[in-house]
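The following block contains the structure, expressed as structure tokens.
Letters A, B, C, D and E mark the chains in the order given here, with residues in each chain numbered from 1 onward.
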Amino acid sequence: MLGEGIAKGLIETARNFLGSYVNKDRLTTVQYPEQRLPQAEATRDFPFLVYDGEDWQAGLRCVGCQICEKECPPKCIFIEKSTDKKPDAVGKPQFYPAVFNIDISVCMSCQICVEVCPFDAIKMDTAFELSTVDRFGGLLWDKARLAKPNQHYHHVHPTEAAEVDGRLAEERAKADAKAKAAAEAKTSAPPPAAPPAAPPANSGVSSTS
Amino acid sequence: MLFTIFAALTIAGAVAAISLRNLVHSVLSLILAFAGLAAVYLLLGAQFIGFAQILVYVGAVAILIVFTILLTRNDGTFGTSSQASWNLGALIVIAVFGTLAWTIHSSAALQHALPPQPEATMQQIGTALMVRFALPLEVIGLLLTAALIGAATIALHEKQERP
Amino acid sequence: MTWIVRNLWLIPALPALAAGLTALAKRHQRRYSAALAIGAMGLSFLLSLCAFSQVMLAITHGQPSRQVVNFPWFEFGNQWLKLGWMLDPLTAIMLVMVTFVGLLIFIYSTGYMAHDDNFTRFFCFLSLFAAAMLGVIIANSLLLLFMCWELVGLTSYLLIGFWYHKPSAAAAAKKAFITTRIGDLAFLVGMLWLFSQAGTLLFYDQGAGCLEHSALTAMVAHLTGIGMAASTGIALLIFAGAVGKSGQVPLHVWLPDAMEGPTPVSALIHAATMVAAGVFLVARVYPLMAAHSDAASALSATTALQVVTWIGAITAVFAALIAVAQNDIKRILAYSTVSQLGYMMMGLGVGGVAVGMFHLITHAFFKSLLFMGAGSVIHGCHEEQDIRRMGGLSKLMPVTFATYAVGMLALCGFPLFFSGFWSKDAILHAAMGWSISRIPFYLGSLGALLTAFYMTRQVYYVFFGTSRLASHHEATPAAHTAPPTPHESPSSMTFPLVLLASCAILLGAVGTPAWPWFDSFLSGEAPIFAFAGFLEHGILPVMLTSTLIVFLGLALGWWFYGRQPILSADLPDALEQLQPGIFRVLQNKFYVDELYEHTVIRWNSALATFSDWLDRWVWNGVVMTVSNLVLGLSWLARSTDTYLVNTSFDEGCNTVTTSGKLLARLQSGRTQSYLRLVGIAFAALVLVLIWSARS
Amino acid sequence: MTPLSSCLMLSALLFSVGFAGVLMRRNAILILIGIELMLNAANLNFIAFWRYGSAPEALTGVMFVIFSIGVAAAEAAVGLALIISIYRHRKTTQIDRINSMRG
Amino acid sequence: MTALAYNSLHHASPQAADQIFLIVQHWIVSHAPAGLQSLLAILLSVVAIVGGFGLLFAITTILERKGLGRIQNRYGPNRVGFFGSLQPIADAIKSLTKEDIVPQTADKLVHLLAPILLVLAAFSVYAVLPVGRNMVLVNLDAGVLFFFAIGSVTEVAVFMAGWSSRNKYSLLGAMRAIAQMISYEVPLILSSLTVIMATGSLSTVTIVEKQAGFSRILPHWFLFTPWGFAGFVLFMIAATAESNRSPFDLPEGESEIIAGYYIEYSGFKFALFFLGEYLGMFAISGLAITLFLGGWNAPLPFLTWVPSYLWFFAKLLTLIVAFIWVRGTLPRLRMDQLMNFAWKFMLPMALLNLITAAVWHFMPSGPVRWLVSIVLVVVPYTLLGRNQMHKSHLEKRVYRFAE
């Protein structure tokens, strides 16, 4: 009979309508500003720069190697490498980024910068309430805005941060042992020619892999 | 007063309809002319005719013309005739209008006093249509049916054999 | 006027409606169409019972038993052509019979046709047939009757040719249609003559109908050129229609062939109802048939009735003889039907309406019973129709056998307990008392003997002895390896059989000489019950004679076919062994078909050949001569033309062309140029008009 | 000016404008528009004479206009169908290029 | 003004409550100079209509959004005001302050005129709708004809909008809308013709008056006759199509042509289109109420004391809720389905319904009349419906380029 299906549909929608007043389980909407869903641990949106210690200027892990700038698909990272070297967190002299800007209106949250960073210096953040009245300046984040302490990293991605810290500590220990052995060798034997490729203590490039 | 306004509206619409370059604009002005004429009908006490005018001309004929315009593409040339024939046409139109105007002006039939407003209720029109004018009504129905079928047949896509 | 009389039209209208609705049904809606047809028929049956009881009431209260409803159909000139229906005892009894038998056959058909693809079409046709037949019955106008009559013929054609993919069925349908048309043509002529004489085609119309006194006396008084009363001529012409429809000699040839149709059709149309329509028609116009010029000779038979009697008697014997030598189970029954229809005609001729109609009614029941039994046998034997290949079915199909035996005994006229005895006895009694001649009585007796004989033969062949079906199937190298065993038919088929069998027995009771209820019902009187009826003059001897005849026939049958069981299908018939020459003549139906083939059809084609020859040589020669003459003349004319006329004409033409080209410039094909001219012309015209008005 | 004559003048003007459209434009659709205008002018005349005529109760003028509107609708439908059909064959709606009927 | 309203209420006759708006109008008009009185009266009525139905528009938007939300198990707007009740005001402010973008190649004048014409046409239709006893702006002799005549102007406005935008989608949307409106105008008018035949009048006021009164408890609405019921259903289906609402919202089918003829409209002009559409819907519902649901008449004999305009608006709200409900339920049709439905189902049904109404008119009242009329409605419905349903044997789709 023509119209039977229409009647069935009408009854179904009427049940939905009335049911939504009776049965609160039907309403799955989360009233956002007041209620929030817990974020998953793997949540990511825009990158930030990790620093160790208290002072963000001094503790920035980034050495301005510009790998992330080259790899970034939408080209939203802009880095200017410093000409001088500054001691890093462990006191080893390193280059540092004189300017490190990310245009987050361009960033597409792909996490490739994080994957390619050899120094674990750039990580993904989870903050999402980023609206601003300034369309251009407000969304171009500079080094100061991007720098976040390692504790923040621990806060947003605890598992991952612990893993990264463990790896870094291990490398450092390895490097320390190596240095100590070298020092002992130096004391026991006449010093050889200056070790040509003495790796920096907290660099992971040569020691890892 | 009202008559003058509506008459002016009608004439303006009509003139715009035949003189504008853009065909769609022409039709929109034609709609204005039709509407103005409908208002004139209402002023003359022919309510039914006025509304029928809007229903048929605005609602149907104008839309039909619009569809035709969209279905046929203007081939770029501006649609006025050559200068000579334009002049000749204008001359003839002026001659015709002059004759008409002069005839109306000099007619003796116009010297009547204004008769009272005649009654033309729906009931009367309906009765007249169904009783006195029953046969013409049937004929017009037949004509419309024939025109409908004919128009559909003419405008139907023919099967084209492409070489 | 009571409700039922006013709404008598409902009885045919309901099946007609069912036919229409079934025609719209889709092919797979089998249950729907069957339910519709049976429902409509059932309702018609109930209404018919109402009508019947209404007539009964009228009779017991002594009111006039005939009620008519007439209505104007259309106007021509300044008079109205009227149609109408009527309810009288004849109509009532026929209505009940047709609807009851029809209902049973409808039910039977659901079983018989269960596996047919065109089930819905079948029920559509059946319903349409029922509607038309009921229309014939209730008609109070010869015209309405004729229309329904033709509809009946049409549905008969459709149903005979129902399996039109069989060439024999298609041919049979055509044969039936054309043969009956011959009779119908005479009927139509008779009808027109009647209209010109009586000025109306209504049977009864408050004294103005064509079967009422004033019209009849006028027609009797009017003598035609050959000294025959107009009423006789009309009656004979109408009777010709009845001859065609009822399969009387010489137009009987279509009826046996009509057995190509499905068996329910044979039972309904070609045994119970349609073929009886001819008898019904004669009964309906009986006043016309029996119209006398003066009251004195009222006792002797009229010419028309004599013709009816003779035709009936001859048919009765003729068909019975043919039936003796047939081998197809349905064909035997068909010839038997023809024979019994002859009996009815004879009954009408010698004894009046009641005698003929009584046999019609009883025959309808037992013959449809026999046909349906035959259908059941055919169904059970997997579409085998040859009685020589059956045998021994009495054990395998007990219900069918029992009911078939009842039908057979009723048809033979087995004494006292079976309806056929009483009705046949009434006919024989009337024939014996006929004033013109005794010969019809002897012919009737012979027919009765033959009937008993061939029915016994058939029953022995079909139900006794050993089954010859299997041997036959083994003999043919057919694909199906396992020989199918005959089985009893479904209950939807056996139930109507049982019901009809009981009717075949019981119905005789309403027409015994002791209680002639049927006779008095038809004449509109209350019946009287008296055993003295048996003692009336000539009744007992006739009863005894016919009993003897029946027993003789049965005994002969047993002697030939029952003494030793028939063993093989291929053995020659017992009668054939005895008298092969006669048997062959009978088996070939007295060569009537061949006679027609060699006379009517041959003459026709010879005439056509002759016409063709005439056309080709004589007329064509004349035409050719004339045309050659004309050709010669035209050649002459052409020479004159070419050399004399043309040169001068060309000159003129050139002038015209030149001036035409000049004029053609005016027709530029540009609409606007024309419109400009119109504008100028308009202005000029108005100015001219005004000026002329001024001056 | 009496009301009747002003009505008639309006009608004459409308007619002339429509006529000008028919004569001075080449596009078939515009010509059809001009014809519609002329028809309307005629209708206006009927109404005016009905309103100011001698026997308005007979409604003849009104009836005439009703039928005239019906005819105009039929005419427009057929005319436009013809234009579409012509366009399909000749790829133009310019009336002076459609002159295959010239003598 | 309030004082007088209070006074007339205080006089405690139900008549006064019923006629309160008229009384107020008379009171105001009586203070104006004599020459301007009639003009002022009309002006007041127009203001009342514009205000009243504008308010109804605002209420309907929030009602629709809330209702649709609930049908889809959402909350709907619930931020502005109490449970989102001030949402329309927020919407209005938003649309008024938004930038008005006109495409560069658009026909500027026509582009501007289209929404105005639409709203004007939609509002002028209300002139003949009797919203209460004695509450009609003009009681035209040819009221229903006026309604349809003005209603057909909407098509012109739609075309203007679609054409002037110089956008393929908007032109396609306009063409679709016009084709749909013309197709469904036929069954719309035919189904309302039954009522006109029954009352013998084109005047809306007369039609409503003919439906006054009760037989026992049943009011004399045309809805409660077989042909009236069928006519009402046909009318409402056609009305849904005329007002371009789901399931007939092809002209603005988002998945195919984005938003149809008003793609290129933004800001206030878009709001005008929105207003026009909704006003059209109210108007045609109002006509349905006038023709079939007894206008402002009370549904039950003991409820006649309730002011008549309340009944009208109650019925109107019921119909609006039905529209929303249907919109929340049914999916959009395809173009061929739409046309098939119009010409192969609606048109024959409407024609047969006309015959049914005639049969009803000429048969003596009684159960036989009911039976015959119901059969005349139900049988074609079944047959035509079956015809509609079994036609969906589509061919297997052939992909010419995708494979």
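The criterion applied here is as follows: a residue touches a chain if its C-beta (ideal position, glycine included) is under 8 Å from a C-beta of that chain, and two chains touch if they have at least 3 such contacts.
These figures come from a predicted structure and were not determined experimentally.
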item: Each chain counted as touching chain A and chain D at once; value: none
item: Chain nearest the global centroid, as defined over all protein CA atoms shown; value: E
item: Chain of greatest Cα-centre distance to chain C; value: A
item: Top-ranked pair of chains - ranking by C-beta pairs in contact; value: B-D
item: Relative to chain B, chain with the most remote C-alpha centre; value: A
item: Distance from chain D to chain B - Cα centre to Cα centre, in angstrom; value: 5
item: Centre distance in Å when chain A and chain B are each reduced to the mean of their C-alpha atoms; value: 75
item: Chain A and chain C, separation of their C-alpha mean positions in angstrom; value: 103
item: Mean-CA-position distance for chain E and chain A (Å); value: 58
item: Contacts with 2+ other chains: residues of chain D; value: 19, 23, 26, 96
item: For chain B, residues that touch 2 or more chains besides their own; value: 48, 52, 60, 67, 81, 89, 92-93, 96, 100
item: Which pairs of chains touch, using the document's own definition; value: A-E, B-C, B-D, B-E, C-D
item: Chain A - residues contacting chain E, complex; value: 1-3, 6, 9-10, 12-14, 16-17, 19-21, 26-29, 31
item: Residues of chain C defined as touching chain B within the complex; value: 672, 676, 679-680, 682-683, 686-687, 690
item: Residue ranges of chain D in contact with chain C within the complex; value: 19, 22-23, 26, 31, 95-96, 98-103
item: Sites on chain B touched by chain D in the complex; value: 3, 7, 10-11, 14-15, 17-18, 23, 26-27, 30, 33-34, 37, 40-41, 44-46, 48-49, 52-53, 56-57, 60-61, 64-65, 67-69, 71-72, 74-75, 77, 79-81, 86, 89-90, 92-94, 96-97, 100-101, 104-105, 107, 110-112, 114-115, 118-120, 124-125, 128-129, 132-133, 136, 140, 143-144, 146-148, 150-152, 154-155, 158
item: Chain E residues within the chain A interface of the complex; value: 67, 70-75, 325-326, 328-330, 381-382, 384-386, 388-389
